[in-house]
Every structure is written in structure tokens, then in C-alpha cells.
Amino acid sequence: MLKILQNLDRRWIFLLMFVAVAVPLIMGTTFPETPSGEVIAVFDAVDNLPDGSNIVMALDYDPASAGELQPMASAFTRHCALKKHNIYFMTLWPQGIPMIQSSIDILNEEYPKTYKGKYGTKYVNLGFRAGNEGVIKLVVEDLKKSYSADIHGTNLDNIPLTKNLKNIQQVDLLCNVSAGYPGSQEWVLYGSSPFDIPTVVGCTGVQAPIMLPYIPDQLTGMLAAIKGAAEYEQAIINHYPQLAENPKAKEGLIRMGPQLVAHVLLIGLIALGNVIYFWERKQGTA
Amino acid sequence: MKRTIPLFISAVTGFVLIATAFIPKFVDWGNDAMAWFNLLAAFAFVLGGGNLLKMQLQKISAQQPGWGYSAVTLIAFFITLFVGLAKVGVHPNVNFPEFAWSGDYLEEGSVFWWFFEYIFTPLSATMFALLAFYISSAAFRAFRAKNTEATILLIIAVIVLLGRTYASEWLTGGFSNEPIFGENGITYSDFKLDHLTQIIMEDFTTPGMRAIKIGIALGVASTSLKVLLGVDRSYLGSDQEA
Amino acid sequence: MKQSTIIWTLLMVLGGLGLVSVQVFRGKGEVYVRTVPVEAKSSSKTSPEQTYHWSTYQQVPAIEKGNPGISLSFSRTLGLWVAAFCTLAIFSFLYGDNPLYKFTESVFVGVSAAYAMVVAFWTEIVTNLYAKLLPGLARISFFPDMESSTQPNWLYLIPLVLSVLLLWRLAPKGNWIARWPLAFFIGATAGIRLISYLETDFIGQLQSTIMPFIVFSADGSLLWIKSLRNTIVIVGVLSCMVYFFFSIEHEGIVKYISRLGIWFLMVTFGASFAYTVMGRIALLSGRLDFLFNNWLGI
Amino acid sequence: MFKWINLVIKRLMIPLLIVTSGVALVAAAEPPAPPTDFRAEDVPGDAGTAIDLFWTLSPDDEENTKPRKVLRYVISRKEADHKDPTYENIGEPTYRVNTFRDSNCKTGIPYLYRIEAVGQESLTSTPVVISEPVIASLQWFNLQRSWFAVFVFLICGSVIVFIEMARRGKTLKIRKIAGLEAIKDAVGRATEMGRSCLFIPGIQDINDIQTVAGITILAQVAKTTADYRAKLEVPTSRSLVMTTARDTVEAAYLAAGRPDEYNEDDIYYITDEQFGYVASVTGKMVRDKPAACFYMGAFYAESLILAETGNSVGAIQVAGTAMPTQLPFFVAACDFTLIGEEFFAASAYLSGEPQQLGSLKGQDFGKLIGGILLLVGCLIMTLSAFETRGEKQAEKSQSFLHSAQTYIKENILGKGGF
């Protein structure tokens, strides 16, 4: 028995992992979530603003992390749309442009009354700029030195939302969804901390512990990993029951099923591995 | 010439940017420097492409093992570059239809968009998805409670893993709101896994990360200072390279 | 070893057959689009009556198949299959290194380098350099709504020169000149990092940690849970800092404090471990979601 | 024809319009009351480009009335000295907002500002104008950051002083680092078992500070393997790292008096591609079964694949990295891990270079300042908590402790200035 377990081909474990994620996903199992304090802080930050406030939505992620972050970005977008906020989209990742597009699609398809055909007055897509933290440093001081035109090549002076905008210090909230560098950490370092811009972030599990010490002084709130996304979706649904009908608004909630099974599998594997380890040690010393 | 001027450039740029924090007059200069910085960063992408080209061509011309894959890389590179720069399949801007080049290079339906959507996205996403499998086999074969440190780490990891899913409700959902002893405010439900996770994050991970951050901040500051003063010149490379 | 290879190959073949059958019998894996005609009026004053026509396509759910204006998109259906192929090809690496994986990986390297280059070109180089230096040309080529009175900003010659020097690195000779732009780049990074890290991560973190060890409620009674939590945080930060203090030997009391520090660090790493695991699994479920929902439609 | 229609419209429509608008007026619309107490101030500590505006909300701008009587405020500006001044719209803050910063000012020009409240159906209140023009003026030093400047000066100064001291030959003491002992033990065990040692200097290029630290530690490992006559292999993922590693290891073997045992081919370059590199290294590990594995440098997701394979072949593993995201995996899977700064300290300790030692000492000085400040701040806050215990919020005494506490938090560590 020990021999078999010691020499187990790791591909069997891969298969187990595949099943653990695939089966709940196909079954579509969901669990009820109760939003935690951190998530409520994020929800309130968006919800307590007056309708029609200005929000910068910085979506700094790529398709590789979309599995974890797309539900957050969509939830932020929906929540802002329900509050009829003005949204400025931007990204520091070249791969982020299509990610912005999917959020804009949500605005146009699900909230046509507020947003369809209102490009420039209700939302604007600034697109990507190269330079990582250099871009942040510039947009908080002098937006138009970095973005002279939006993604369609329209001059920012010809767009109502950006015409009088010198920099983003004056926006009411900064929403950042980030998959790493450049991302949340840089926004805090160069944006929210020196200029006191109210900021909420949604970030990957990898970054979450690193961002934790910034709460609550430099960061208003944080959505950590897929769990954060699921709780946030739940918080929005609790306040705006009309979303409960929309299956797309439950992306994060659906992903929590595979998460549970996979976590349990991993704990089982760690436990089993350690049992084998101590067994070996006992045999070795005996 | 080869060393003095770069040291001078980096020192001037760095100290001007440091001064922007204290002297408002410098802010505008700092912004100009950042605008140039961002442009250089864009050219760094071009440099990256050029480097890739150079390396793959070397591999092919030397007929190194696996040079065929280098050819594949190059073909993919050139096709993508062409459809992107030539805006293949892009319609002009609706407001200015007579300007054929005024369209958005990533417009939905264009060839470049197709490459992103159907080749880049699945490849990069799947590359990262592989990590979940590696973690599972590492869980089985590598994460051992070898010493006190590793044991603490694994126990905490298990609590957080459970506390961040519905498992906490299953396992510890039944803990009641009754106080444990006396009027001290601690109840059984405080020991629910999700609550424990929260305490771990707020009272133990936060200070640990704070200390790490304070250390990193000092490290970054001293490294930056050494670069600006020319004490650390490793970024210039060795003289042989030139 | 042989035996397991056979088992694995069998599994793979069976899986593949299953996938194909699902496709054939359920007719999924197709993408439908709605044709949206676009009519655009010329903006030039000389020929205002001229209009341009083209169509764009909007992706719709497969249920709308058969409705007027909805058609099967060949290119996007092909794309979906290419995407599925790419996904499976990368997953095949789990079985072992193989030519299929290597092929897709090479494609990935090429496409991603070119993608970043194209995006950097259109967003930064064209809008922020070309349009600044040659506004007249930029207006008639890419940015028709620019003010015709915009004057060239000659200050931008500096980054242009620096950029050319940077690209000089690719030249076989004299690539030491690339150190000049590099020095600018490194100097700028060092300058902004020095300030922001000290401000946010040093001063800011100290500020957030300064709290009373003991907290009283408004009526003067001791809030001992809150006090305990504050004390834990302060002691945690201090003991970890002692662990990372390299000027004193770990002897006597310092030994115990740094030991406490390392335990705090281990708890930190334990949480960070769990969060990372969580993130990785989310990525996998995101990808499988694509395979099952978008492609197979299970 | 036209005239006739015009006439009809005038005759019929105008009364109708009056009637309907009258109805509408009665039903809902009434212009909101204007905001009060509108004033402007130059923004302190800036280059004279911004002016802050404040006002008291319009009495109609209430928290929870629906429909809202005030939807937004419109702020406009004009230059007071201009010959033909007209107000230009510069911003539209929403309801329940009572500040606005105009960042598009020119230095030294007097501006007049005007605010109006806008209600339903775009009805605007009577405008309110500030009493006298304001000028945005340039400050030469941002006084809000004066304490921060002191910190920057102290920390940078101490780094420079310590580097200078190290250069002058003063010995700077660094505590013993336990991980370095572990390296020796691991090599010793590999020799006993007659198997090789594997050293991986991360996957970043030589310009990464972690790779440099890794190479410094490689020198020490090479010295030990030379002493013990164990075989050392170094696969690298960058060609420049390979070159540097070869030089380092050769020098170490030379110093140990065993130049003949140095084999250049044991240090080789594989590929830049992350997963390609890992696949090749793990393949080699499974075949050769090294008895000791060292991972020293910058690692990403591959950390766990490497550590797992090392564990499965039963190697002793020692890791060192400053990647916070990868440290947990190394700690869980390796026998010993140099954590973050410890890794750099080990490198400084081994290399003895003045600039590495000096900056390490400078950072220690920074930690000392931080630690003392933290402890003093917390103690003062605790004492002040005792002092004000039981007092009502309103009558909290402005004692010395209390003001000391606010001074530390708001001025020294905050943005209050001296």
C-alpha cells in the first residue's frame, strides 16, 4: 500500500483535480453566501455615493486571470450601472483592452437606458497606456499628458466627461481590478495613498494578503479572490433583487462550488501526503 | 562617455522626481519625465519583439535542436504583427468614415481581435490553469509538516481553505451564539471557521505583512538610492558587453 | 510504466470520442451573429452627402438561431474550435511534454510578443509621440477630430531620440548607447519608488499600526477583546521587525521575540498559501467553464 | 400657406403650452434653493494651479427625499480681470457633495466662481458668487511633507554613512544566519550519499537583485562542494546568468585549491521559457536524484513544481527568495528557507561588499527608528486612553498626552507638517 502511494503517478492526482473542478461546474451547484465586513465596505463605498458620481474603473488584468477576476469586474460594472455612475475605464495591461470591452458590453446590453449611445457623457474608455506605475503617476497629476485621446482616437477635450478633468484626484471612487504588477499595489502607492483618493480593489488570491495591511487607511475595501467576488455578487443581489434573475450576475457564486470540492480535495491530499511521510519516517527509524 | 553620462542621466532624473514630492514647482517637470518614461516603456515592447526576433533567427540559422518551433514562433509573430499594424478587417470610425485608418485596431470582428480572442486568450488562460494541477500534486508530495514552522503554516492554510468556502458552514455552522464562560463576550460562534479565518487575516496576517512591507520599503529605498548615487551600477552591465 | 501509458492513451482517446459525439449529436460549438448594418455620413465639408455602408456583427446566444438577421458566423465558429484546440493542447502538457504542446507554446510566444507590440504602437507611440510631433499628419491619418491649429510639441524629440537609442540595443555594434535611455528609465523608476514606498509602505504602515494597547469603551469599562486584538497586532509587527533586524545576535530575550516573529510570519504565509491555492483553482474552473459552457454547451 | 400654419400654431399652441407648463410647475418643478456660504481657498502646498471650493448644501438637498429636489451643482468660473469676462462651466458635482477642486487654474490670476443648484427638469437656483476673487499662488516648499522629508533624509543619510563606513574598512557586524549552516549540512549529506548537488539561481536575468544575491550564495555553495568534493550542477534559464555562474564557481574552486575539479559543462543554459525550463530541470532531477537542491533567486509559479520534484526524489532542499507569493510554498516544501530580507542579508554577509553591508545596516537603522516610533506612539496612546477613561466624548481634555498622540499620528506620520 505504502509503496503504491509513494510511487503514485502524479497524473492520477491531476485527474482527481480535474474531476473535482469539472463535476460541480457541470452540475452548477451554488451555495448561499453571507457578505463579510470587507465586502460590505466595498459595497457601501459604491452604493453610498450619490447617483451619477464619477468612478474610475481601472481593469488591470488579462485573460489568464479572467477566471478569477471577470466576475468581480462584471459585478463592479453592474453595481455602478445600477447607481447610474459615470465610468472612466482604463487599463495598464495591454491585454486589458478586451477586458474593458466586456464590461462596456454589459453596460450596453443590460442597462441600455442609462448607457446605450451615451459614450462620452456617461462612460468613456481611455484604453491602455504603456509605462506601468508611470501611467498612474501621470493620471493622478496630469491626465491629458498621458491620455491625449481615448481608445477611439477622439481628443479628450472633445469628450464631455473628460473636458474639464485635469487629473483623477477629484473622482469620487477608484475601482481597481488587478491581477498583479502593475495593479492594486501600484494604485495604492502612487494614487490613493499620496492623494487620498477613495479606492476599492478586487484582486487575485495571490495578491490579497499583500494588500491586506492597507485596509482601512489607504484602501476602503477589498474583494479577495473568487470568494470576494461571490460575496459581492450576493450583496448586490440582496440590495437589488432584480439581478437575481440574471444568471450572468452569479458567475462568482457558481464558481464557489468547484472551489469547495477542490479545497477539500487539496486538504485531503495534504493530509494523506503527511500520513505517508510520518509512516515512512517511522519505518525508517524502526 | 560609456559610464559617466548614464550615471549623470539617472541621477538627474531620479533626484528631480524625488524633488517633485517636496517642491511643487518641480511637479510639471516630473510629469514631463513620466510622459517620456511611458513612451520609452512602449518602445520597450518593440524592443522585446526585436529581441525575440533576433534570438529565434539565431536559433534557426544555427539549426539548433527545436529550431522548427522557432520558425513557428516567428510565423505567428509576423502574422499577428501584420494584421495588427495594418488594421486588417477594421472599419473606419463612424464619425469620420472617409478616413480609412481612423478605426479602432481592436474592433470586434477584425482579424487582430480574432487572434486575441481565439488564440491568445485560450493559450494564456490555460497556461495559468495548469498551476491548479501542479498545486494538487505538490499538496500530495511536497507539503510536509517537517518542522514547527511548516506545521503552523499548514494548519493555518487548512483553516483558511475551509473558512473561505461553504465548508465552514457545514462543519461549524452549528456553533451557537451562547457565551462560553461568563460575561466576557466570547461565544461559541466565534470559533466558526469563517470567523477564525477573519481573525487570522486581520490580527495575524496583517501584522506579518506589515513588517514585510516595512522591510521591503526600506530595501527599495536603499536600492534606489544606491542606483541614483552610482554606488550600484549593475544595470549598466559589464564593460565587455559593450 | 508501459501499462499506465496504455491506460492513459485509452482515457485520452475515449475522452476525445466523447467530445466529438457530443458535438455531432447536440450541434453545439457553433457561434451565431446578428448582422447590424452601419451607415456613416462623411464628416468632410466638401462632400457632405457621401455616405458609407458596411455591416458589423454582434454575437448572440445560439437559442436565437433561425430568427431573421441571425446567421452562423463561420469565422467565429472556427475561432471557437481553434480556442478549444489550443486549450486542450496546453492541457496535454499534464500528460507529458509533447510536440503539440511545444507547437502551441511557440505560437503563444510569437502572438503575445506581437500583440504587446501592436498595442504599444497604436496607443502610446501613435497617440503620444506621432500626434505630438506631427499633428498635421496625424490629423489626416488617424485622428480626424484633432484641432487643426495644434502645433508640434518639439519637447517630444527627446523621448524620440531616447527611444531610437534604446532600439539601438538590437544593433550588432555600439549597443552601449542603449545605456542612456536605460539610465533614464532606471533613474525615473528609482526616483518615484523611493518616495512612494517610504511614504506608503514605511510611514503609512507605521501610522496604521499606532494604536493603544488597551481600549476602553465610552463608559470607561475595559474592552478586553479589542485590547487583546490591538496588542496582538502591535506585538506581531514589532516581533517580525526584530526577526528582520540583522544587527543583533539572536540571543537571550531577542531569541524569543524573533521566534515569536517567525511564528507570525508562518501564520502570514499559511494564509497566503491558502489564498494562492484558492486563486489557482479559480483559474482552472474559469478555463473548464469555457470548455463546458462555451464550446460543448453542457 | 406657411403663414397660415404659423398663425394656427401661435394661436392654438401657445396657450396650450402655457397651460401645460403651468400644470407642470404646480405639480413638481420649482427651482431648488441655492447653496449658501460659498467660499474659495488656494490649495496649500501646490504649484499654484488649483483652488478649493466649499459650500453649504442647498436646504433642498436632503438626505432621503425622493424625487430629489437637487440633482447636481454647476460650478462656473471667470477671470476677474478679463475685459469681457463670461462664466465658463468647469464642473458638475452631484447632490450631497460640498467641495470641489478646480485644478485648471493659472498662477497669479484672480478668479471668480459661481455655483448653482440644479433640480428636476433642469431648473436652476439663483446663482451664488464668491465675495471676492481668489488667486492660486505658488508655494516653494510643500510644508505638509516636511516631516516626511526628515524621514527620507534620515534613512538615505544612514545608508550613505554606513556604506562609507564599510568602505573605510570598519567591520559591520551581521548576526549569524541559520540558513547558511543548513547549506553546509546539505552538501555534507550529498557527499556521504555520493550524489550530486543542484543549484538553481531563479529564472530572472542577472540584472535582478535577487539573482545577484543567489549568485553570491552560489559562491559559498561552490566553496563547500569543492571542500567536500561533491558534484555541483547549475542549470540556468538565462545565458548571462550562466556566464556569471561559471565565473563564480570557477573562482570558488580556485580559492578552495581544487581548480582541476571544476567542470564548466556542469553549469549550463537550458531555455528562457519558464515552463520549458522547469520541465527540463525536473526531468534531470528525476533521472539524477540529487541529494541536495538549492533554490536561490527570483521564482514564480515554478517554485512549487521544483520543490515537489525535489521532495519526491528525497533531496534535502534549501531555498531563498524575496518573492512574497512564492515563500509559502518553499517554506512548506523545503527543509530550510531564507525568508525575504534574510536572503539579502545572507548574501551581504557572504560577499562582504561595502555597498551591500552598508545598505543592510542603513535599513536596520530605518527599522530601529520605525520600531521606536511605533512603540512610543502606542505607549502614549495607551496612557492617553487611561487618562481619558470614562470621560465623555465631548469633554475629552486636551492634555499633553492627547496632543502628543495627535502630533505623532497626524503630523509626524501624517500630512500635517511641522
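Should a chain be cited, it is by its letter among A, B, C and D, assigned in written order, with residues numbered from 1 in that chain.
Here, a contact is a pair of C-beta atoms (placed from the backbone, for glycine too) under 8 Å apart; a residue touches a chain by one contact, two chains touch by 3 or more.
None of the values given here were measured: they were computed from a predicted structure.
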Looking at C-D and A-D, which pair shares more C-beta contacts? C-D
Centre distance in Å when subunit A and subunit D are each reduced to the mean of their C-alpha atoms: 18
Computed distance of Cα centres, subunit C from subunit B, in Å: 7
Mean-CA-position distance for subunit C and subunit A (Å): 11
In subunit A, the residues touching two or more other chains are 14, 17-18, 21, 64-67, 94-95, 97, 129-131, 134, 137, 146, 151, 153, 206, 209-210, 213, 225, 227, 259, 262-263, 266
Mind pulling the residue numbers of subunit D that touch at least two other chains? 148, 152, 155-156, 275, 324-325, 328-329, 331-332, 340-341, 366-367, 370
Pull out every residue in subunit C that's touching 2 or more other chains. 93-94, 105, 109, 115-116, 119-120, 123-124, 128, 142-145, 188-189, 192-195, 197-202, 204-209, 234, 237, 241, 244, 265-266, 268-273, 275-278, 280-281, 283-284, 286-288
Could you tell me which shape the graph of touching chains takes: line, ring, star, complete or other? complete
Give the list of subunit A residues in touch with subunit B in this complex. 8, 10, 13-14, 16-18, 21, 31-32, 36-37, 62-67, 94-95, 97-98, 101, 129-132, 134-135, 137-138, 141-142, 145-146, 151-153, 209-210, 212-213, 225, 227, 256, 259-260, 262-267, 269-270, 272-274, 277
So, in the complex, the side of subunit D touching subunit C is made of residues 148, 151-152, 155-156, 173-176, 273, 275-276, 279, 324-325, 327-329, 331-332, 339-342, 345, 360-361, 364, 366-368, 370-371, 373-375, 377-379, 381-382, 384-386, 389-390, 392-393, 408-409, 413-414
Subunit C residues touching subunit A - in the complex, by the definition given at the top: 4, 8, 11, 94-95, 115-116, 119-120, 123-124, 127-128, 131-132, 142-147, 188-189, 192-193, 196-197, 199-201, 204-205, 207-208, 268, 271-272, 275-289, 292, 298
Touching subunit A in the complex, subunit D uses residues 71-72, 89-91, 94-97, 100-101, 103-104, 324-325
For a test of understanding, state which residues of subunit B touch subunit A in their complex under the given definition. 27-28, 30-32, 34-35, 37-39, 41-42, 44-45, 93, 102, 104, 106, 108, 113, 116-117, 120-122, 124-125, 127-129, 132-133, 135-137, 139-145, 154, 157-158, 161-162, 164-167, 169, 194, 198, 201-202, 205-206, 209-210, 213
